[in-house]
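Letters are used for the chains, namely A, B, C and D, taken in the order the chains are written, and counting of residues starts over at 1 for each.
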Amino acid sequence: MKFFSDNAAPVHPRIWAAMQAADAPDTAYDGDALSARLDAAFTDLFGVPCAAIWVATGTAGNCLALSAMVPPHGGVVCHREAHIEMDEGGAPGFFLHGAKLLLAEGEGAKLTPETISTVLDGIRPGVHQVQPHAISITQATECGRVYTPAEVSAISALAKARGLGLHMDGARFANAVAHLGCSPADVTVGAGVDALTFGCVKNGGMSAEAIVFFAPDLVDVVRYRRKRAGHLQSKGRYLAAQILAMLEGGLWLENARAANAAAQEIAAACGERLIHPVEANEIFVVLSPAEQAALRGQGFDFYDWTAPAGAPGAARLVTSWSSPPHEVEALARAIAAL
Amino acid sequence: MKFFSDNAAPVHPRIWAAMQAADAPDTAYDGDALSARLDAAFTDLFGVPCAAIWVATGTAGNCLALSAMVPPHGGVVCHREAHIEMDEGGAPGFFLHGAKLLLAEGEGAKLTPETISTVLDGIRPGVHQVQPHAISITQATECGRVYTPAEVSAISALAKARGLGLHMDGARFANAVAHLGCSPADVTVGAGVDALTFGCVKNGGMSAEAIVFFAPDLVDVVRYRRKRAGHLQSKGRYLAAQILAMLEGGLWLENARAANAAAQEIAAACGERLIHPVEANEIFVVLSPAEQAALRGQGFDFYDWTAPAGAPGAARLVTSWSSPPHEVEALARAIAAL
Amino acid sequence: MKFFSDNAAPVHPRIWAAMQAADAPDTAYDGDALSARLDAAFTDLFGVPCAAIWVATGTAGNCLALSAMVPPHGGVVCHREAHIEMDEGGAPGFFLHGAKLLLAEGEGAKLTPETISTVLDGIRPGVHQVQPHAISITQATECGRVYTPAEVSAISALAKARGLGLHMDGARFANAVAHLGCSPADVTVGAGVDALTFGCVKNGGMSAEAIVFFAPDLVDVVRYRRKRAGHLQSKGRYLAAQILAMLEGGLWLENARAANAAAQEIAAACGERLIHPVEANEIFVVLSPAEQAALRGQGFDFYDWTAPAGAPGAARLVTSWSSPPHEVEALARAIAAL
Amino acid sequence: MKFFSDNAAPVHPRIWAAMQAADAPDTAYDGDALSARLDAAFTDLFGVPCAAIWVATGTAGNCLALSAMVPPHGGVVCHREAHIEMDEGGAPGFFLHGAKLLLAEGEGAKLTPETISTVLDGIRPGVHQVQPHAISITQATECGRVYTPAEVSAISALAKARGLGLHMDGARFANAVAHLGCSPADVTVGAGVDALTFGCVKNGGMSAEAIVFFAPDLVDVVRYRRKRAGHLQSKGRYLAAQILAMLEGGLWLENARAANAAAQEIAAACGERLIHPVEANEIFVVLSPAEQAALRGQGFDFYDWTAPAGAPGAARLVTSWSSPPHEVEALARAIAAL
């Protein structure tokens, strides 16, 4: 019973179907009919002119999006626990040619105008220190927390005032929007985001994420960078098909709601154990080594996590669109019984 | 009727089946059971201990393989028409951090010890000029020509004598082996190749190529580089499944033979028009603009090509594992009738 | 008797004097009073608003200038024999983060609109091939040839028409202007050049070259790149002093005229041996191995050079501001006597 | 009266003399007789076989040295306040092609095995996080503190145990050795350091620092990297001359002792105001804004500094080999009188 991550869940049947429907030969790379529909599909979703392209991974998506905003000698403000800092194997250093991540604090891995300003104000202007060119936030965060539209707007106001781009890592964007109940535009373009990595893989896709540019001219340089990074697949239609199927009929939200609901069911059993409020599909719980062993003994698979200072041990539990209801229920019961 | 490339052909049914059989959740990235089988599968195929990893594109495969052999201040000898020089959007410069391609000549886009030596001997030792660290050859070449085991051995002897690594871009390796009728080892590890990009996408795959290291310790650094390049997909099992299915029962050779046979059928109709001997699945033909227009008018889709000096016009025709026999026959007839 | 290059000549007494006059402590880096005078000094020289900064080497100057014009995924058109291609150890790949040099032909290492167009027209638009972003020409060229203002204007017209920046490597700019007899502006900003590497080291300086931007806003990014490349020396006043002394009273032209005159004296003795017209301070001559040995036996030090096809051997002879007249005369006589 | 830094002090007369003695033409780059003496000079100084090369700046020296130890996908452990992190404009990201600085804590900007281990132990092995390849320490530190031989040995023992290289940024190495009274080998090669940036510029030089490799084979790759970074000056003899003169007769220690003595004189006047013990030539003092203004009103020039939490204000005072005794005395008196 796998609760270690949503990133290895099966592919949703409607994604499979869309991929197979794309099997007829078409123009290579992104010259096919499906890839050509991405701009329109996201323009529909967000209600403003968008440019959107596919890539295979969130790492590539995040770093390529940032490469349109940040020169090699520049920096990106992000949270100390951000995926680009902690879990991408140094990819920002590669894609941005040595640009620097400028690390900020914030509860629940959420940045605030205050924590960002602390970083910005600590940088001496001039050539001796790396100057910021963009801010990157994660929605939902690495702690499963969700930025409200107002929170994003406050950050974007700061970004604008300082002349910085604003990128959103939306590996779990669907989970965040499902939680907020707002429109996807409210928490992105309406709140001043310039580029969004729109995650699909964790939400029932196989191998496609979209980079959505609300400042559509940013896409031009990214097309070159994508090719140059070996990310322009020749059978791109199978990636476009996944993304289009995800948007079709709101599958992205449907899947995210299912994952969020499963997380809530488990969270309800965790009570005082919860380290962070559960807003998306990740649950961080205090669990002693013995308790972890007990759960693993019952067949539950999950990651150790670093406990907040003083806590005796912790774990991360992640649900997905496909978490079997009986496994979710079993996990909730098992935790309650500890 | 699409003869513009094999890189947009449909996915073979056995590849689809293998991908779908991989749908159950497993460990993420390359920690899954299928990815774990790659080393053994290629060790079986080549008869020596191999290390093998998946990537999504040939560009990533070529450049990651080379990144294990070439430092940022070094160079790679390749043919002036090599894919890494002509068609990868500068990816070698990105993956190798500014290392340089050192361009050599050779008929049919084939390097020879002589043309390589001309390049090597023209480089002054010392820090003022970029020094070579590897040679990269393409099998089959960009002109559809195939290196024999003896030809590869001669190049590897030179590489060894000069302390250079030897990489083979095998985007159409299957077509080359199908043409040669030798074992895959004969023309690679047996002939001194250090790393092979083993192509699947052009041969019925969807989105997986293998990098095969005959010097298995080279893989270690490439694992880091793959992650850092955003190429470590979290649902890697779907890529491993494609490669394993391709090897299973010799599908890779079966598909290549089909493509090669279709190419021979068309070649037979081309007679004097042929610019290069047809050895794999690419046919380069002299076709005047009017003839090209005539063929296109009949529904044949293909690329213009640069004609050899003095020729009145040229085109590239590419067959694939799935080229419909009646379309192949129709094309052959149409050319013969010109 | 050293005629191997002008790049190891002594430092001119007026440069020494200026450096020593700069010895009093001042603000570090380029915050000193001398560095602050560079913009005005070059604005005076060229008659238009210029921004100018010092660097220690021509390689750094060329590559930093280009880094303001060319993104990592772009390319620079230059001559096949250009210093940036042949003699900078891959520095453009480093400073430009993997951008590509696009090599053009041209007699005497001079580009022409035609040879540049041949390169440009051979590049397919789109992401699969590296697109040009700048042209770099060398004045005087690696063969000692000089572009006229009209020739530079013709190249800049092409650059403008194609949206490309135009950089001039002026390691021997002084020698070129001394030959032309025009104003320095005529052959640079007046002819459409965007940035000039203004050489001093080969012309009597010790360790300072200037990068002069005729599009002054280009300097901003280069200030960051210079620091990041470890080229922002803390005692920058000693570099600024060299450059200012070079401009003061026309020392740069005076030194170049001396070097050119010495070259003419030698050239006059070479007659039919000359491979290129002698316009600056380099002389390329046909010299058989025996003749080379004879000259070396008389104490003359120079580099072998690659002879034009069919010629029996060649050498490069370089004069400098400090070539002793009796050595120049001796060399001329020795060649005439061969 | 300038106490803002030692990095803008005049050039020592013996350095000037040595540079002028190098004026006769010699082979270019580092082929001259003086550059050829560097290995032997440092071998003498350290008592073990050394390879040593010149560069113009400490930034280039630090980053080039590290480039021999750290691949682009690797990391360097350094102090959060290290110069490479805080004051080199992102140069490590450039020279190391995106490698990452892994920041550790430590009082007085000194690392300890414990603070380094905290960083190392927090890194998950594998490709998802950047793995360490080297440790860089600064001697004396950015807070003017000095590592003892035993402290360096403890760090190198950890480095060896973890398979990491050990680099020492010795911009103020002379000041540290002058303070310690040990041999220069005791605190470097004898304590396990692999490469040392041996500073001269802050100690009476003009534009030359040495990189000294105690593992001499590391120099080979750095020679290529230096050229590629535009740091191979053609008149290298003037840089070699500076370094040789600095070593000659112990000038480096003599100058450092003068600077340290001046710092002690000022420190003695600071009493409770001292933020760090004064061991080299930097004095960090608590000074209220009013006190700072008072000192500046008397003609003293220095940098503001970030005060330790809770302190009302702070400043950094730096002495050099050339700090005029009467100015030092005046500053001491002025502080005492506050």
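Simple rule for what comes next: contacts are C-beta pairs under 8 Å (C-beta built on N, C-alpha and C of every residue); 3 or more make two chains touch, one makes a residue touch a chain.
Note that this is a predicted model, so its numbers are computed, not measured.
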Mind listing the chains that sit against chain A and also against chain C? B, D
Greatest separation from chain A - chain, by CA centre: C
How big is the gap, in whole Å, between where the Cα atoms of chain C centre and where those of chain D centre? 34
Centre-of-Cα separation between chain C and chain B, whole angstrom: 42
Please tell me the distance, in whole Å, between the geometric centres of chain B and chain D computed from their C-alpha atoms. 50
Where chain A touches two or more other chains simultaneously, the residues are 72-73, 88-90, 93-94, 97, 127-128, 224, 227-228, 232
Per the contact definition, I'd like the list of chain B residues that touch chain D in the complex. 71-73, 97-98, 127-128, 131, 221, 223-228, 232
Once bound in the complex, which stretches of chain C touch chain D? 2, 4-5, 7-11, 16, 20, 23-28, 32, 55-57, 59-61, 63-64, 88-91, 93-95, 201-202, 206-207, 224, 227-235, 237-239, 322
Mind pulling up the chain C residues that touch chain B in the complex? 72-73, 75, 86-90, 92-94, 96-100, 127-130
